[in-house]
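Scrolling down, you'll hit the structures one after another.
Both complexes below contain chain A, partnered by chain B and then by chain C.
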Partner chain A sequence: MSARLAAPAVPPAEADESRTRFVRKLWLAREFGIVVALGLLVLVTTLDNPAFLSPQSLRDLLLGAAILVVLAVGQTVVIISRNIDLSVGAVLGLVAFATGKLLSTAPGTPAVVAILAGVGLGAVCGVVNGVLVAAARVPALVITLGTLYAFRGIDHSWAQGQQINASDMPRSFLRLGTWTVLGIPVLAVIAVVVMAVVGFYLRSYRSGRELYAIGSEPAAARLSGIPVGRRVLTSFVLCGALAGLAGVLYAARFGTVDATVGTGIELQVVAAAVVGGVAIFGGSGSVYGAALGAVLLTTIGSSLAVLRINPFWQQAVVGGLILAAIGLDRLLAVRAANRLRGRSSHGA
Partner chain B sequence: MARDTVAVDVPGAPAEPAAGVLRSALVRWDTALLVVLVAVVVIAGVLVEGFASGRNLQFLLLDVIAIALIALPLTLIVITGEIDLSVASTLGLCSAAMGQLWVAGLPLELIVVLVIGLGAVLGAVNAVFVTKFALPSLAVTIGTLAAYRGLAFVVLGDQAVADFPFRWTEAASGTVGDGAVPWAAVITAVLAIVFGVVLHATPFGRSLYAMGNNAEAATFAGIRVARAKFWLFVASGAVSGLAGVYWTLRFASARADNAAGLELAVVAAVLLGGVSIFGGRGTLLGVLLGVLLLGAVRNALQLADVAADTLNVVTGGLLIASVVVPNVITLTRALWRRRSRTA
Partner chain C sequence: MDREHAAPLLEVRGVSKSFGAVAAVREVSFPLHGGEAHALVGENGAGKSTIVKVLAGVHEPDTGVIVLDGEETRPAGPAAARAAGIAVIYQEPTLFPDLSVAENIFMGRQPLGRFGRIDRAAMRAEAVRLFDRLGVRLDPDRPARGLSIADQQLVEIAKALSLRARVLVMDEPTAALSGVEVERLFAVVRALCEEGAAVLFISHRFDEVFSLCHRLTVLRDGTWVSTDPVADLTVDQVVRRMVGRDVSTLYPKEDVEPGDVVLEVAGLTRHGVFADIGFSVRAGEIVALAGLVGAGRSEVVRAVFGIDRYDAGEVRVAGERLPAGTPAAAVAAGIALVPEDRRQQGLVMELSIERNATLTRLKPLSRLGLLGGGRERRSAREWTKRLQVKYGRLADAVGTLSGGNQQKVVLAKWLATGPKVLIVDEPTRGIDIGTKAEVHRLLSRLAADGVAVVMVSSELPEVLGMADRVLVVHEGRITAELSRAEATEESVMFAATGRKAAVA
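Coming up: the complex of A and B.
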């Protein structure tokens, strides 16, 4: 799958024309696969119950997916550089509670300030992860598993079993969760903007490209002068900040927050990225794929309900989807490798 | 730990002393864990009322048995450089199946065998994806983590089966004679010896370290990497199934959500025990000490009235410290050496 990386890394002028076309086709194939799966799912569900495509139901779908999309975008940035952040669920929970606490003690706080505070707190958590991973050079899986427990524990000892309800928070803030622009929920708009900005950064900025290089081969990236530690730190701060944003959005949408908010969501987020074609060992994938993966996972949930399939099947289906997605990625990678090998042996 | 990565990163460091330092550091890791464990037990025994009683020792052991069991095969898997995150979901699915089979009227003796067999099959599914299709085990087992937990709910729904015979549920927490050591802990210890001998005293066990350090080199050295990993995943599934039987009887309740999230606790214990997440390094004794240390700290703080959820800070802190401290020491030492050489 590192073939996808090759496209922008090779200057277009020098690139073998047919090869670029092939790489582009591959890129299309991966994101297209999810779109097709999503389309089929929506089609089948709509044939069974046309109300599935009603504006209200679509709005609910977008609302449901928005928070997972924001998390998946942040996670993608980290996974691309061959790291992982398992602490996002705990960060989301901590920030959601902090937001609730802030707004219930100071109801006059404008929503913008609440958002900035949440993003800031998330970023601080990201700095902790990033510094430990980059400076102490410890695998991210271990560190973020540790901070998952630590952040969640801080959340619990702060909350002491307390729950903050919608009635404790100002209505102007809660409106953020239900407010729509031209019929589109503002939460979904925020998610799309986040995805577009981060997607543009990864695709077009030097430091964004360097994350792919680090993920493809950390040692080579270091030797070619890329400040690996700083880039990895940045990716964790970005991921933490987005988890913080997701926490604020969670508080706005559900209105009820306690210390258990977002427990276990980290695996859903990683699943969304993997289903979206982000390679778990870095170097390839896009935030668009991850976002589509998040939408697909959310849609499965509501589709099963509409199709009157036992909702207990949902998680099993998601698991099957992850296995199918990584199997498909493997197949595409093997085929791409075979094609490239075949071409070079012909002396092209 | 990533200690060896750091050692590799230091240019010009002579290979021979580095390996020696590493070996003695590893020996020290197990010793360090033991010292910390003894210290925790002594301090808690003095300060925390009720910690040093036989009854509490029984509960402490009962609480860590599921984690200890699952950690045994997982240690071997992580040493080969793979991981199995589906263990807790396998436990849940086995527990759900156990409940459903009991409702169907099968005898418990048969059910136990069937459930452990089911665990082995679930492990084999992981193994096929990892070894036959050459997929990363992290991604595969995140997939089966969701899939097996989902199937557990399909099998049993959100109900609980709780009418297991008292004789069996009592046996699950029963002790040897009138002592404080539960039977289940004895079985766990026997299994631990089996896994320990396999890992540390057989060519197969040595080959696991070889493939964890460099799978390709191991293959060229004639080690059947795929076959070894296949059977490790099967063992992981079977032992998770056994842990499912224990969990179900201990709490006298077969539920689809039994032990949800336990995979993170097991991985934390294995890593705290000194096993490198990159493979090739670690001992079974270290892991068992890690399991006991986490269990003892949690138990003592719980007795001291610290809320269970707050304890997560301690678990997380221990895990982070266990990897960061040795790494920082190695890094500063390397920095010192470089500075003294240039001076």
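Coming up: the complex of A and C.
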């Protein structure tokens, strides 16, 4: 076996085996369950109202999910390393307002510069979080709860109750929110690119794998020589930067921003990640799952409206889904443990 | 002989390290020569693990240096030590449960392909190659979660091998391994030595030390005692140097006339783990469950105590049937279980010694539902004194104690409940020889007082030295029941490896 694996070129048999392994993995993957749930939800809703699958409705769905996906991707990076960032909603709000302010005072600013400025401001907020978490050795839950209020407070004192409207912002920037490429909203394209890039990084780069290692067993990570503090800081900066990007996208999409933008969205983000199979105690999960979770939560919102179910039920459904996701994870863990135990008892 | 004069590959020179007011090691010096396995022995708390952590770059020495290739170094952090060519296998496995076995081996050093991407195929192939070299079959793609302690240890060893280190430090690598695995590990260590590596080997098992190592350093109470070629030493000499006194006898078994049957197990089965386990234990008897690591012995006693469920069979204490899967009922019936893994299952590491020692008796110690600090402290003081636990203050976290003293706290906590049946799982794993003898004396004493003792142990001398009867478990079944007279090293190993002829 080792001889074959050592061969430089991949023989056809190997490629074949890796394909079946891939198919089996796909079946076992946690993400697959969410895709099935999403498919069922869309199917049921479409049977009730075929217009649910119309291009316009799909576009709205993607548009609605894009911002949540970007936030969920950033959150996943933090949760994987056994931390949490509750300040993403406040960062989104702060950056959205800053973007509006920038564009209303200097309407000539190109959209790219606005995006970079927003990402930069978000990253600064991430640095604050990361430094506090790494230096103070206080759980991230507490630190980011504090910075949630701090960032929101800055936002409020800056805005002074002011609201920036679409008419104050340049057309070219607002088009970002409505533009489509081959019928797909640019916002959704950006979200997918962000997800793919971060997913690729987490899976294929040493520093990405080290985030999983840190979340899986922090003490062992330290003994393995992993620079834990630096990696955790990086994860918070990345999460902050993506929250900043989400803030810019928010401003482009809605055009109207004030200091209350994004209030409470952090809980939706965490819910998306958890539903998407990201373990809340770190070490496992993927950004793809979290993104699918975000899409699922958004779709539930609109399909309940289509099905004319009282919107008050929506929160209960989301809550039920979170509990179901956690229950499913627990079930899978127990079954995996049983399987592994059975194997080892025969092996020894 | 020319090795005597050759410059050592690595030298520990005058290393001291204190934690708070406690000096863990003082002025310790010894050389490690390339091509040699060097044993470091001493009682628990003698400072061996501290030396390991200094070499690993985890602790920075207060004074003294590590001399590597004639150059003084002070490894700043585990990554620097590793880069300098020092690989460490820690006493407690340090794996990432969520990640695959292959990733655990190569974390931070994964083979890279184009654009700095991790080359997973190469990583997997390399892991397979390492396991081949160790002669074990472990799936590199499976997660580390759920691996037995022995398998975890093998992953650690593969990790250390993959570093191609010039200095390999092994802190009790064999504690959880079976005989075959130990032999394979030794073959690898010898091969490494032939390639010129220096190996520092820490073990409580003298047979291993004497068969593997060329040189031996003894530490006692944090200070250096001696470094000699193994050929010039006898076990007795080494023990005397370690303890600083003669160990009267390691296995002080008292002869006891067994009383009534206290614990009866019949037809106990858990699918895929163990099947049709039946035995009985009388008051005053010590019954050992022997067998290879992973044979299912710990699982049996866990099921008896009610931690794990079982699919068929029954457990009776003094004739009363115990409900399955309820440890509380087992405790009420007078069973006590001292688990295999004291860090995870036996103790709450962050809580104080006092709290840990009284955890099993919160009810009798409380008044009107409230726990008074005084009663708790008095009780804890009494039991720690009876078991001669060495500690600073009762309020210290139990995690600060040495392994042997931690084990005594676990014993104290259960003995205080006045059990009729005491189940001990690997009671002396990772415990130094002095404390070992104390634990053995304690078990013997308890049996003499009429407690029925069930002992799971992987150490043959312990089984043979302490047990009135030996039950040998192989792949989840009892393959032999041997009386004290019948039990020999050969007869137990014969049954433990499942050769049918042994069933008498």
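Everything that follows uses one rule, which is that the second predicted complex is superposed on the first by the 318 of 348 C-alpha atoms of A that agree within 3 Å, B and C clash if a C-alpha of one lies under 4 Å from a C-alpha of the other, contacts with A are read in each partner's own complex, and residues count from 1 in each chain.
Just so we're on the same page, a contact is a pair of C-beta atoms (placed from the backbone, for glycine too) under 8 Å apart; a residue touches a chain by one contact, two chains touch by 3 or more.
Just so we're clear, the structure is a prediction, and the values are computed from it rather than from any experiment.
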Touching partner for A:V270 - first (chain B), second (chain C), both, neither: first
Which of chain B and chain C A:I226 touches, first, second, both or neither: second
Partner chain(s) touched by A:A316 [first = chain B, second = chain C, both, neither]: first
Greater residue coverage of chain A in the superposed arrangement, chain B or chain C: B
Touching partner for A:V138 - first (chain B), second (chain C), both, neither: first
Which of chain B and chain C A:R206 touches, first, second, both or neither: second
Contacts of A:G283 with chain B and chain C, given as first, second, both or neither: second
Which superposed partner A:E217 touches (first chain B, second chain C, both, neither): second
Chain A to chain B touching residues, read off their complex: 86, 132, 136-139, 141-143, 145-154, 156-157, 160-161, 259, 263-264, 267, 270-271, 274, 280-281, 310, 312-323, 326-327, 330
Residue ranges of chain A in contact with chain C within the complex: 1-2, 5-6, 10, 204-206, 209-210, 212-213, 215-217, 219-227, 279, 283-284, 336-337, 340-342, 344-348
Chain B residues touching chain A - in the complex, by the definition given at the top: 1-2, 5-6, 9, 129, 133-136, 138-140, 142-151, 153-154, 157-158, 256, 260-261, 264, 267-268, 271, 277-278, 307, 309-320, 323-324, 327-328, 331
Touch list for chain C against partner chain A, complex: 56-58, 77-82, 90, 94-99, 103, 107-108, 110, 112, 116-118, 121, 124-125, 128-129, 132, 137, 142-143, 145-148, 150-151, 178, 272-273, 292-296, 299, 475-476
